[in-house]
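Chain IDs A, B, C, D and E follow the sequence of writing; residue 1 opens each chain.
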């Protein structure tokens, strides 16, 4: 095992952040000579499991608050360093071309909607938001039986892209990846805003650098890059 | 019958190539091939059986042309209807003795069942003294029992002719002479042509209506 | 030497059990075992070689006790230092003829190399007429060539005694008598004890200083 | 097993077994045929073909599942054709899961079968020819029984692999509880949701079922006859 | 291949090959030893043991990875011990990826080796004993060469499987480009990130590398000698 060099910073980030973080890491390295950012992408809960079992991580960026809350409860993070750095929106999408024209969540109970897809609520934050939105207006019991549960947002997106389902819940950033093949029907109202938290890991050998990276995410130039990938300011 | 044995063939293994080049014809009914070890006797029998394809020549038993290079005839092994005892027996390891013997009687897609009895099979099991070991697997047989099983398998399906490659070599003298009698009786009964490879003077005397002596792949000296 | 052959053993296959029960002793140096096919000759040789464990008895060659049930002695096969020719040869298919012959000379963890020459190996290749096929794989050999390779492999490593299971059965008469001479010369030179299984009267006459006739697993009649 | 676990595990288990059994059966047919062809044909490119047919092992199952989706989906080449001509949809059905599991496990049977057929003494097949059998009979009466032990070993691996398959399955069949949610998918979801106890219970169930089946199926091959020499 | 792709793919490819090569080598050693033991020991429970050892095939790799994480993590039983006594951490290292890939591919070599050893004519080993060889020599000079073709087939499958492994690897080794990101993980990520072209390119690279290696390695087994009868 190679011990981490003094200037190595390991950042564990949710897969949905991968494109944006690759660009950001390059910028950060340019600004901090001798610093090498090691990016580790996986599903948020897999990242949490790794950190729980003692993986040598310095910064953790999760796609939802729940996972970060768990990390906080287990005292894995430095609570003072926790910040929300981007905001995302949940949208309902339909396939292109020839998808249904849906105007509101109520339209999902139309008979033409044979299947709709969302992330599995037990494991995928986007699914939790979607289910909550449907429960809010009392449609969930009627729709549950036509719902396909995907393992992650990307899989949900694929089903819509391929026309296997008539509608799906994904993040706006995901929908932006396939602008030619899916259309955003409308934004889904979520109770609380969808924000992505980031925090330094407790006991990291690089506390200063970790803080610097977290601040760097909030900087205007970083926010501009993030906006380029469809994320909004928190 | 008449046997036409005109063939050229070659087999090679690494650096060494062995050439077979025979031109012989006989009208005898029973033929013994002999000659030193490695002379090409077994290869000749394989060519007759359709397991070795000559590069040229003509093979015929009686009226049946088995192979004719110029005429483009090459009867596949399964249509030659010959009873062949391999020098190393080639018993089927997944079948017991009785099933091995019955193998050729049933041309379909299924092997003879373990318990099935066919009078022809039982006849040969008795004649060759295999009744006691009929339910044994080949790998539990003694050398002589293996040889007799191979012999029974070749004899049972009334072939057009018999090709026997040293079929008595692993038998004791008493059994050997019983087998010879048994074989002769069968040949007389069915008027079966025979091509026998043997080193045994007794076999030569008894079955060698005509004999072919081979050495180094070619005809040496007809006794 | 003296050979003590007292053993009880049984092998079974499915419904059938074969029992071996022999009690024989001789002071002869050269012994021939004969008897009808399936009598238990090969099994007896296997017991001597340490490949079949008797349920009771005592086996000894000269001063060396190979097996003694009551004394709890059972020398493992590899320490018996016997030259054994299997009835079906048991050649190593992954080695060529020369490597097969050289196999026992090298007790280490590596097989003899393909090209390596050992004078003892070359001597026996020549004596048994195997030079031409020395680089061939066993499956490309003729029956007699296989038998001679097995013989050479057993002879080359100067064993304590020779156990030969019908070692000339696949050879033509001329070769057979040459092999006999070769074998006798070796026995005289090295004062090697010999246990030979053979059906051949000539072998009995030449090597049968004492003979053991077996039938149905037991001693039948000493000639 | 308490009621809730039973309600989740039972349909998942039966579905898993059904999918794995179908996948194994199909693979035995395909793998034996292809393995026999590879073992007997003397083309120069045969090893290349073999390597290419091994590729389903090399690709991450999720990726394989993605390609399957592209192919079998409603807008996919095959999927479209099937839907138009036969009204068959494979996506989100257990049949789709069978296809995914079959593809993933195929190389296991193929390699095992090829090796087993290559080990057969060619003289035994020749003996069959001399005894008057045609090639089909030789295959069924000599080659297949002699290769059977090796093929079965590959088949058992394929069964286990099909049972454990979830990446490609998930993609093609979705994860509809009681309909297309296999045990492996359920385990994965339990782990993902942090329900460790449930995950452990499900792992125990899969493992027990699998061990039982492997042990029983292992008896389908005769212990020694075909594996020992005869000459 | 353009620069960016090359920068991503090259380290991933070399890492993947290194991990797969190590995993295959370790599995050949372990699998041959275990396979030989299973083939020769006459215990009554041997088939049960075999089935249990096949379990890594049955569990979803992610789940296997999770268990590995529990065991090898800094706070895990083994991981803690390793860290305290040797200062070794396995999580987030390529050695961790080797362990994950080894575990996942192990049953492939095991089954192939067991079957191959069982097919050997026992008389050949007996001939070796009579010629004075001890059991170690018999194994190395007779059993192993005769079983080699079958073992190699299993080894090639294991190599392919190790190359394609990503579920357990991702869990244990993470996905740090240039350090622990294997090709399979990179492919998975590309698919996840919607970068289909990149994913296709990476799939092409893996497939080509794998086919090349399988074809070359397939030559390590002699074509026929050991697979044909001798008697």
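Assume contacts are C-beta pairs under 8 Å (C-beta built on N, C-alpha and C of every residue); 3 or more make two chains touch, one makes a residue touch a chain.
Computed from a prediction, not measured in an experiment: that's the story for all the values here.
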{"item": "Contact-graph distance - origin chain A, target chain D", "value": "1"}
{"item": "Fewest touching-chain hops separating chain C from chain D", "value": "2"}
{"item": "Centroid-based (C-alpha) most distant chain relative to chain B", "value": "A"}
{"item": "Dominant interface by contact count, named by its two chains", "value": "D-E"}
{"item": "Chain centre separation (chain D, chain E; CA means) in Å", "value": "19"}
{"item": "Separation of mean Cα positions, chain E and chain C [Å, integer]", "value": "44"}
{"item": "Averaged-CA centre spacing for the pair chain C and chain A, given as whole angstrom", "value": "78"}
{"item": "Distance from chain C to chain B - Cα centre to Cα centre, in angstrom", "value": "28"}
{"item": "Overlap residues in chain B, where contacts from two or more other chains coincide", "value": "88, 137"}
{"item": "Numbers and ranges of chain D residues touching at least 2 other chains", "value": "66, 121, 123, 188, 228-229, 231"}
{"item": "Multi-chain contact residues (two or more partners), chain A", "value": "46"}
{"item": "Those chain pairs that satisfy the touch definition", "value": "A-D, A-E, B-C, B-D, C-E, D-E"}
{"item": "Chain E - residues contacting chain C, complex", "value": "121, 123-124, 126-134, 136-137, 140-142, 145-146, 222, 225-226, 228-231"}
{"item": "Chain C residues touching chain B - in the complex, by the definition given at the top", "value": "11, 13-16, 34-38, 41-42, 87-88, 96, 129, 132-133, 135-137, 140, 142-145, 148, 165-166, 169-176, 199, 201"}
{"item": "Contact footprint of chain D on chain B as seen in their complex", "value": "49-51, 76-82, 84, 86, 88-94, 103-104, 107-111, 137-139, 146, 153, 157"}
{"item": "Interfacial residue positions of chain D with respect to chain E in the complex", "value": "47-48, 50-52, 54-55, 57-63, 66, 107-108, 111-112, 114-116, 118-119, 121-123, 149-150, 153-154, 156-157, 160-161, 163-164, 166-167, 184-185, 187-188, 191, 199, 203, 206-207, 210-211, 214-215, 218-219, 227-229, 231"}
{"item": "Interface residues, chain D side, partner chain A - complex", "value": "66, 69-70, 73-76, 91-92, 170-171, 174-176, 188-189, 192-195"}
